[in-house]
Structures are given as C-alpha cells and as structure tokens.
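I have a structure here, written as structure tokens, and I will follow up with some questions on it.
We call the chains A, B, C, D, E and F, going by the order they appear; numbering starts again at 1 in every chain.
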Amino acid sequence: MPKLIQYDEAPDEVRAVYDEIKAARNIPDVTNFWKAIANHPPTLRRIWDDMREVMGPGALDPLTKELVFLAAAMAHGCEYCTASHAASAKAKGMSREMLGEVLAIVALSAQTHVLADTWRVPLDPFYERQP
Amino acid sequence: MPKLIQYDEAPDEVRAVYDEIKAARNIPDVTNFWKAIANHPPTLRRIWDDMREVMGPGALDPLTKELVFLAAAMAHGCEYCTASHAASAKAKGMSREMLGEVLAIVALSAQTHVLADTWRVPLDPFYERQP
Amino acid sequence: MPKLIQYDEAPDEVRAVYDEIKAARNIPDVTNFWKAIANHPPTLRRIWDDMREVMGPGALDPLTKELVFLAAAMAHGCEYCTASHAASAKAKGMSREMLGEVLAIVALSAQTHVLADTWRVPLDPFYERQP
Amino acid sequence: MPKLIQYDEAPDEVRAVYDEIKAARNIPDVTNFWKAIANHPPTLRRIWDDMREVMGPGALDPLTKELVFLAAAMAHGCEYCTASHAASAKAKGMSREMLGEVLAIVALSAQTHVLADTWRVPLDPFYERQP
Amino acid sequence: MPKLIQYDEAPDEVRAVYDEIKAARNIPDVTNFWKAIANHPPTLRRIWDDMREVMGPGALDPLTKELVFLAAAMAHGCEYCTASHAASAKAKGMSREMLGEVLAIVALSAQTHVLADTWRVPLDPFYERQP
Amino acid sequence: MPKLIQYDEAPDEVRAVYDEIKAARNIPDVTNFWKAIANHPPTLRRIWDDMREVMGPGALDPLTKELVFLAAAMAHGCEYCTASHAASAKAKGMSREMLGEVLAIVALSAQTHVLADTWRVPLDPFYERQP
C-alpha cells in the first residue's frame, strides 16, 4: 500500500485542505482517498476545489448528483469511487431498490455500448446536434 | 456502414419487435440502433426486452433514469448512446444546465478514478460493505 | 488523416515487410493498418512478426483464432480491428449467425463485467487458481 | 465485501432462479456472482435469462462460446469473469496451450487497438460494410 | 455536431476565458475543444484553470509534460486529445522518431496490462509500497 | 493466485528467457510478471523480446521512456504495471514531484477525454494530419 498522509505528519498546505474537508463534511478525519492524493499537495488542493464546485449546489439536486457520480464510477470500474459514492448516495436517500436500478442501467449501457460501436450505428438525423 | 434492416425487408420476428418499439414510443419508425442490431434477430428481441424492463417504471423517476444512462454512456465513451439518451433526457426535462452538470460529474469521476486506482487507495472501514 | 505510407515511397525496411505480408496473404497491396504503422518502421516490423506468430498455426484452428480476435476487438471497441477481423473470420467460414452470437456474447460479457466489479464479487474457492 | 445472498435467506423470487441455475448446471449451490447480483432480484432474473439464452445451443459449439466469452472477459479486464469462464472453458476441453493462445491473441488485439486508433486508420473500401 | 460557441456570441464569462487562452498561447482564436466545453461555462473555466496549472512549469520540462499527456491520450483512445497534444509536442521538439517510440511504448503497455490483469500477477514485495 | 513458474521447475525455453532478463537487469531472480506469463512460453519469449526492443536505446532517453510507460499504465488502470514502472522510473531518477506531475497529467487527460468525446469535438484543420 502506498503511503497515506496522516494529519499529524502533513505539511501545512495539506492540513489546510484537510481542515476544509472536515469542516464541509462535518467529519473527524478525511477518508483514505484524500490521504493518498495528498502525496502530491497541488493535486489534493485542485481535486478538492473541483469536487466542491462540481458536487455543490446546482441545477441537479444533491441525491441526483450522487447517483450520476455513482453511475460513472460503476461504468469506469472504479472500486473506491463506487464504494464511497454509494455510501454518500445512501446518506442522501438512495434506497436499495434505487441502487439496484442504477446498476442495472449502467450494466445495460455497457451492453448497448458494445452493440452500437460494433455496428458503427450512424446517428439518426435528429441526434446529430446532440448532446 | 454495416447494413441497417428496414421494416419492409425485415423478417417477421424483427417486424414484431419494431412494432412494439413504435407503439411504446409512439414513433413512425425505429431508430438506427434497432435497425443495426436487427442483423441478429435474437439480440434485437433480448435487448428490447431488457431496455423496456430496465428503463420502465421503478424506484427512480424517468428523468433520473435517463440521466443515469446518459452518465454511463459518457463514461463508456459511447457516441451513439450519448446522443440518443441526451435527446431522451431533454424530452423528459433535462435543461442545458443539468446536462452541463452531468458531464462535469462524469469528467470529474474519470479523474478520481485514475487517482484512486493509481494510489490503490484502500477502502475505509465504513466503505467495506459498500455498495 | 495521418499519412499512409505507400509502397512506392516506402524505405527498404518497410518494403521488405510489405512484401512479406503480400506474399503471406496473397494480396496485391497491404491494407491501411500496415500503411499507417509504417510511419515508425520498427513498429511495423515488430507487429507483423507478432501477428504472424500469434495468429499462425497452433492449438486453436484458424477460424477460432479469428473469432477470439474479433471478440477482443469488439470488447476493446476498436473499429478498424472489428471490421478487418470480421472480414477475415468470414473468409475462414464465420456465418452471419456465428457473428451474431459472438457479438451477443461480448455484449453480455460487458454487462457481467460491470456487475461483477461493482459488487466486488469474491472468487469462489475453486476459481482461485484460475485461469 | 458486499452482502452475498444465501439460499436460506433468499426471497422466493431469488430461490426460484437459484433452483434453475443449480438444475441447469447440476451443482449443489450457485457461485458468488449470482449471490451478489441477487441483491437486486430483477437483475438476477434478467441476467440468468440472458446468460442461458446467449450461452445456449447455437451456431457456435459450446467450447467456442466459452473461448469467446473468456476473450471478452480478458479484454474487459474482468477478474471474476476471467476466472469463472476459464474454469468453464477448461471443463469443456480448453487445454493449457489453447488458454495461452487465447490470451496471446487478446493481448495482441489490445496493442493493435492502440495503434489503429492513434493513427485513425481509415477503413479500406472492402471493410466498409463490415462486420 | 454539437454547437461550438464562437467568440462573438459568447457570454462574458466565456469570453474572459477565451481571452486568457488566446493571450497565454498567442493564438488568434481558441481551438474547437474550448468552443465545445463552453456550452457549460463553469466547466470551461475549471478545465482551463486545471490545464494551466497542471501543464505549467514544474519538475518536468514542457516537452516531457506533452509526451506524458500524449501517452495518456493514446492509452485512453481519445482522438482529439491525441491529435492536439501531438501537435503541441511537435511544437516543443518531438521528432517523428520520438512519436513512434511513445506510441510503441503505449501499445506495449496495453499488452502487458492484459497479461498482468489476466494472470492477477501479485505485486513483488519491493513493489508493494509503489508508486 | 494462478501458478507462478519458478526457475527450478521451468522448462529450458523458459529458463533461457529468465537468464536473459536476469543478465540484462542484473537481478538474482525475475519478477512475478515474467513468472506468470511463463505459463505460455511463446508469450514469455515474445513479450521479453518486445520489451527489450521498445524500452531499449532510442530517440527518447531511458527516464522519459519510463515516464511514458508509467503514464500509459496509469491511464490503463494496470496496477502491476504502475507499481513496477514507478519503481523503474524512480531508479532512473524520477522524483516524488515528477511522479505527482505525471499522475496529475494522466488524471487531467482522463477528464479531457470524456469532454472531447461527449461533445464529439471536430478536429481543427491544423490537427487533421496529426499525429
């Protein structure tokens, strides 16, 4: 396992981000993801800023944002992202049934992806300006 | 471009599925995706049955289902799926702002995926039973 | 489109490989794939040597080798590889029905992949020494 | 590890699928893959129905079907799928040499994929209608 | 083709980013990538800020940064990214031979990826703390 | 864990490759990757020959070659490749800061990949002949 940077040993620039995460999420310590990417402090700062902006208030409600992130994590095959965002989504109201449906959709999408690409399906005229 | 199976030349088993799709979606003709996978009639039947079930009524509302499919399509890099499900999502109420947010989340997720995998971030204890 | 290296303008080391390909396959000119990778002659030489060895006589018969390559090309989402190896497989006896079945299996596999990874399914004891 | 649904605690709709799998494969208990996806019973039912149809009798013989699934699993990088279908393929006659050749082909395909995509190799005229 | 946002029709927040890109790169107009992601102005702002920071001065010299980006683009199979960063790398000194070597390495890496994952190769003790 | 082929039990053709690797790298034993792919001796021979040629002296210096391989390994999500080539790159001079920058670039590239593909960004005229 690569080194995880703990709060007590972290340089000031890392502690500053940890403090922001802990305050924003009201948790006593940051999770392993942050302790890992803190191996490169500028990346820690940038990803936290990105995450806060992208997952913050917007046109989509917080639960929908988590479901979208979860779907992307499943599609990318990212183990840590799937586990952590499943937990976040549950905390925001995702039921077991909703989890099952998200996964069913992502799995179906993987299948249609293979089919659409293999047949090189041309875009129908009314899809050409999409998305 | 591989052959697209048109209604007039389709065998009965293909026409039967086309008729179901046209009726369910109230459209005069099926889109190219269906005409392509109809090159193997059993696959056409199976995918349509799967799609109808997975995207049908459930715990998630229809717009959320489309947003989840769209997110997965973007994450998989499926051009046709992205275009067609963006159109479906818009028809169900997705605004330009919502589209922008879905894409921002999927792109961010691609980035966290690389980071989490590269550092082999171990699951925190409270993530171990997730999802 | 990046430059394709034609026989007449090719350096000797490239022509030598082109001649081997043309002789081995009994074709008047090499296909675009070879003309593209010839932009880096050592890569052209290495890939041709690899291809000849891997796709040559072995424990699997020639048609099965092409079906396996085609399945991998579909799974990787490689447009050119899918088209070219579908042609090769047809030349070796792949029927339309067989093509449909290969694609159905690859698409199903994409779906089980998402499911197995998302649930982090542990290997059953008798799978632990596999493959 | 997410929860695996055991037979004794499973709801009736899950037990019904487990019984079908056990009967079809003549095994005393289903493998972990099924116990995991049973967390969402409709997905369990759908995947089993899909698997039975796609992997059932057809134009390809049973061993070839397993080799194609195995190739796709390797290409997708699905650990569980690779291990389980390697076991199935061996049970149907795959030798060590055949396994080595399947893997060599999939690995070669990954390499040609990168090359073909990077050079944006245009389809030769006689590939345009493929597959 | 989805809409590309031209300077003349762009809202102020988009024009501000376009101006920064044009000044930083000394070009008369931004490339299509920026005009596309400008469909969601906050994403345009964030990606530009990220790009400027990540690709700016650091421990790696500018050419090496471009080669690393190019390698990642090839590995991800991103057509636009590969073309644009190949151009940037050439502008910073990448020769045809260097391009050929980068691609050869990425293609080889795709092959070792399939092999390492399929065999589930355990990390040797002195790799366990890597990277 | 699949079987790793140890030197003492290896057939002559495998031992010959092991001896070459040990001599070239001045190490007492080959790493697990080689012991795994030795399950199919022709693959062991071919990959070693490919690796030696591709990673050998060329237009790129040895450290840059390792950084490029490392970037591709991160982009592919190959755990073993990332760990082993991070070690090789460090041995050739990669600092912690350089590692952080390589990873930041690859992660950014994953993000631009999703954006460029989703918007189907058309190549600007001066990118059309790239790479």
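Details
Here, a contact is a pair of C-beta atoms (placed from the backbone, for glycine too) under 8 Å apart; a residue touches a chain by one contact, two chains touch by 3 or more.
Predicted model, so just to flag it, every value in this text is computed and none were measured.
Each of B-F and C-E has its own count of C-beta contacts, and the greater count is at B-F. Looking for a copy of the D-E interface in C-D, C-F or B-F, one arrives at B-F, which has over half of the same contact pairs by residue number. Between chain B and chain C, two chains of identical sequence, the interface residue sets overlap only in part, with shared numbers making up under half of the total.
In this assembly, the C-alpha centroid of chain B lies 28 Å from the C-alpha centroid of chain E. Computed centre separation for the pair chain E/chain F is 20 angstrom, with centres defined by C-alpha atoms.
In this assembly, the C-alpha centroid of chain A lies 34 Å from the C-alpha centroid of chain C. Among the residues of chain C, those in touch with two or more other chains are 1-2, 39, 42-43, 46, 50, 54, 74-75, 77, 79, 82, 97, 99-101, 103-104, 106-108, 110-113, 115, 117-120, 128, 130-131. Of all residues in chain B, only 39-40, 42-43, 46, 77, 131 touch chain C in the complex they form. The touching residues of chain A, when paired with chain B in their complex, are 1-2, 31-33, 36-37, 39, 43, 47, 50-51, 54-55, 58-60, 64-65, 67-84, 86-87, 95, 97-99, 101-106, 108-113, 115-117, 119-124, 126-128, 130-131.
By the touch criterion given at the top, residues 1-3, 42, 46, 50, 53-54, 128-131 of chain D touch chain B in their complex.
Those residues of chain A whose C-beta lies close enough to touch chain D in the complex are 77, 96-97, 99-101, 103-104, 107, 118-119. Chain D meets chain E in the complex at residues 74-75, 77, 79, 82, 103, 106-108, 110-115, 117-118, 120.
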